[in-house]
Amino acid sequence: MRIFYYILTCITGLLLIYGVSDMPKWGDPHQPASIHVSPRYIEKTLEETEVPNMVTAVLADYRGFDTFGETTVIFTAAVSCLLILRKRRKEKDV
Amino acid sequence: MLEFLVGKFNYYIYIFLMMIGFYAMIGKRNLVKKLIGMNIFQWSIILYFVSIGAKKGGSIPIVEGLSGHGAHIVSHASQYVNPLPHVLMLTAIVVGVGTTGVALALLLRIYNKYKTLEEDEILRKMK
Amino acid sequence: MNIYQLPFPIIVVFFPLFFAFLIPVLGWWKKSLCYPLAMIAVSISFFSSLIVANRVLRYGPLHYYLGGWEPPWGIEFSIDHLNAFIAVLVTSLSFLVVIYAKRSVEKELPGKEIPFYCLFLLLFTGLLGIVSTGDMFNLYVFLEIASLSCYALIAVGKDRALVASFRYVVMGTIGACFYLLGVGYLYIVTGSLNMGDLAVLLPPLYGNAVVQTAFVFILIGLGIKIALFPLHTWQPDAYTYAPSVVSVMISTAMAKTSIYALIRIIFSVFTLNFITGFLPIFDIICWLSAIAMIFGSIYAIMQSKLKKMLAYSSIANVGYIILGIGLSVSTTMGLTPALMHILNHALMKGCMFMVAGAFIYKAGLWDINNFVGLGRKMPYTCLAFILAALAMIGMPPSVGFISKWYLILAALDSGKYLLVAVIFFSTLLMIVYFWKVIEIMYIRVEERQEGEESEIRVDEEPMSMLVPGIILAFLCFAIGIVWISGIFSPILDTINSSFGLGVVP
Amino acid sequence: MIDKHESIIIKMISRILAPFVQLYALYVIMHGHTSPGGGFQGGVILGASFILLAIAFGIDEVKERFAERILTTFTSMGVFIYGFIGFVCFILGANFLDYGILPVVEPRGMGMLGIEIGVGITVMAVMVSIFYDLSTYE
């Protein structure tokens, strides 16, 4: 059975390495990720949002709904732990 | 060939880490080891995303030389690294923390019920 | 402000979330407030989604820019006919589930109402978020909200629920991470995360190894979430041991939403040209789903627990839906059979899991062999089960018949005759396992000792649990007639044409 | 289960350290939009300070001052602040989370600060709450 897991892992790894062959080099300033959407964040953040920290500007403003989702995720985690672990109050009190 | 390896070293590192995590998740029989594998798996993806954002010669994405309200400062895209992957990964980190929290809570309950964290023993006790 | 000008797409998602935050605070103050709050939230969402659907039908796709930023930079909600269809499906089913939930939760999870309803609403919101969003990464975030709440909701079930839940955590995380990795791969070659924008940017890159890898990983990731055949290992235990309400919710709303996400990404982001031209993976998908149909049905026959039987039956039915998707490129019907079966299966399985929950609620009955005499003890509940089972087997005016009929037509149309045989065979297997249940419920007589009272008194489940089941059972046939009448076919045609399907290349 | 440590060094050090950690956390939250940092990072640091106290003085002592009930309220309140700011934008006629319409000076910066505070509160409360749950389960 263990050999099956090794093979599965290797297949996944090889698939990923196959994908790497067409990827841009590390730190390439002209890779597509750096020239399509992000220039606006870098060049216009100060003008459009009056905030110098671009990460915060994107986090809280341009993609603010993602962060809302993120906060909800962590809220979900807290309520999940509460549901899974916390004992019923009646048992504790009585 | 060398360029293929060296110029893209970040991807190979993340794939290596990811496969460690992946194997631990599917192959290990101890539930805590599975959880550790899950963390390695998630963090390797975070590493990958952050490495997309890198630019040679780029600075951290905070506008420099700002005193007061300097809306006149003109930045060029090549001056700073790409902020978007960083933002995405802040979210992914939080998701990872949340998942780990829930998984730990589950493990506590499992340990409390079966008194072991070895999957084989749990399966035996369930019958 | 005119009420009809309100931006309903965001109301659908935001209000359940808002109430989910309110429940822990107000629940501390007064525990009995939890249920009404959940009810209000789901109702608001339900009616808003109806309005959204109405608007989509009248004016075409809606776009809502969150934060006021236009798409490639900000996040947008983009709702077209497919989204509206799934959103109405999810909200209406959740509405019925909430009605059903009250008594069931009181019995199964006493004292945990506050976190339960809070997580229920979060799960609901997560699903609606997946349905509404037009952004790849935002979809991931909502997928995680839905999954996290789902893990916890499953874990509070009976018996093996904890281990099932942990297994789901591991598998679900692999799935979500593969999806995220796929998104990252698409991002590195295009620089965009918006679905509409990606659809424009991707065509020149179809030959790219990165794009192909991304497709495979997104497919596997979402395949885990929808329990597609070789990736289903978490599913049977999770469905079986979860609390009844949660079983209903995840088997209907959650599974269908994940399938929606798959359809959206395959056809909207990667588009038809990629699948037919560069990565002809649909034949493999067809055969995988054929195996799933047989495998699920055979395993369902072998089960003695009703809920586990239904869980394996779900694997088979997910196979039907995925078969519909797999055949869509080669027939003139496009996605019609798949979309029909999404709705149909949600109705049938929802009804059956509700009935299974009712047996557990009333008598703690898990095992099919203990169902002797239930037909007289709980006549209406069993009637609902029989109607759903008949629909599942494929009695003519029912929904199950319609989806099977269309799937067979699609298989014939694309020349895959073996698949027709597979559909017939799996139907045969379905008859076997549903007949087993019905036979025990109605026909088998309990062996009694001498002198024992032979009269079986009617002991029905409470009204609030019975009515949703009956409604779903009724809809199993009503919707079937609606499908035949062809009222919905313009909508399905619009969906097909928006993906470029329905014409054989 | 975390018991009381009897070590005086640990108690003293963590007692001295905790206020500074908290002050730094507040700094990170409030300066999220001008320097590295933000709600999540600051919230984690703030939560860590309470966890530090809980480890040093025993969990019951911290629970007396910072009860679970307050934590739950905080958890909801943070997300609520976030949602509320978004909702105000929505009421004022703009899109959800479009801070530009808020009636304050530098509306976008202030809106971001507001939601960072919300995120910070939630993250702090969640960290401590998960810690409580995990460490007090017998």
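Some points to look at:
We just call them A, B, C and D in the order they show up, numbering each chain from 1.
In this text, a contact is a pair of C-beta atoms (placed from the backbone, for glycine too) under 8 Å apart; a residue touches a chain by one contact, two chains touch by 3 or more.
Keep in mind it's a predicted model, so treat the numbers as computed, not measured.
When the interfaces B-D and C-D are ranked by C-beta pairs in contact, the top one is C-D. Centre-to-centre separation between chain A and chain C, using Cα means, comes to 26 Å.
Rounded to whole angstrom, the centroid-to-centroid distance between chain C and chain D, based on C-alpha atoms, equals 36 Å. Averaged Cα coordinates give chain B a centre that lies 30 Å from the centre of chain C. Within chain B, residues 22, 26, 52, 62, 84-85, 88, 90-91, 94-95, 98-99, 101-102, 105-106, 108-109 each touch two or more of the remaining chains. Multi-chain contact residues of chain A (touching two or more other chains): 16, 21, 23, 31, 33-35, 37-38, 41, 50, 52-53, 55, 57, 59, 61, 63-67, 69-82, 84-86.
For chain D, the set of residues touching two or more other chains reads 34-36, 38, 40, 72, 75-76, 79, 83, 86, 96-97, 99, 123, 130, 133-134, 137.
If touching chains are joined by edges, the resulting network of the protein chains shown connects every chain directly with every other. Residue ranges on chain C touching chain D, taken from their complex, read 1, 7, 10, 14, 17-18, 21-22, 24-25, 28, 64-68.
Contacts from chain B toward chain C in the complex involve residues 22, 25-26, 31, 34, 38, 41-42, 45, 48-49, 52, 84-85, 88, 91-92, 95, 98-99, 102-103, 106-107, 109-110, 113, 122, 126. Remark: chain B residues 4, 7-12, 15, 18-19, 22-23, 26-27, 51-58, 61-63, 66, 69-71, 73-80, 82-88, 90-91, 94-95, 97-99, 101-102, 105-106, 108-109 touch chain A in the complex. Touching chain D in their complex are the following residues of chain A: 48-53, 55-57, 59-61, 64-65, 67-68, 70-72, 74-75, 77-79, 81-82, 85-86.
Residues 34-36, 38, 40, 123, 130, 133-134, 137-138 of chain D are the ones that touch chain B when the two sit in their complex.
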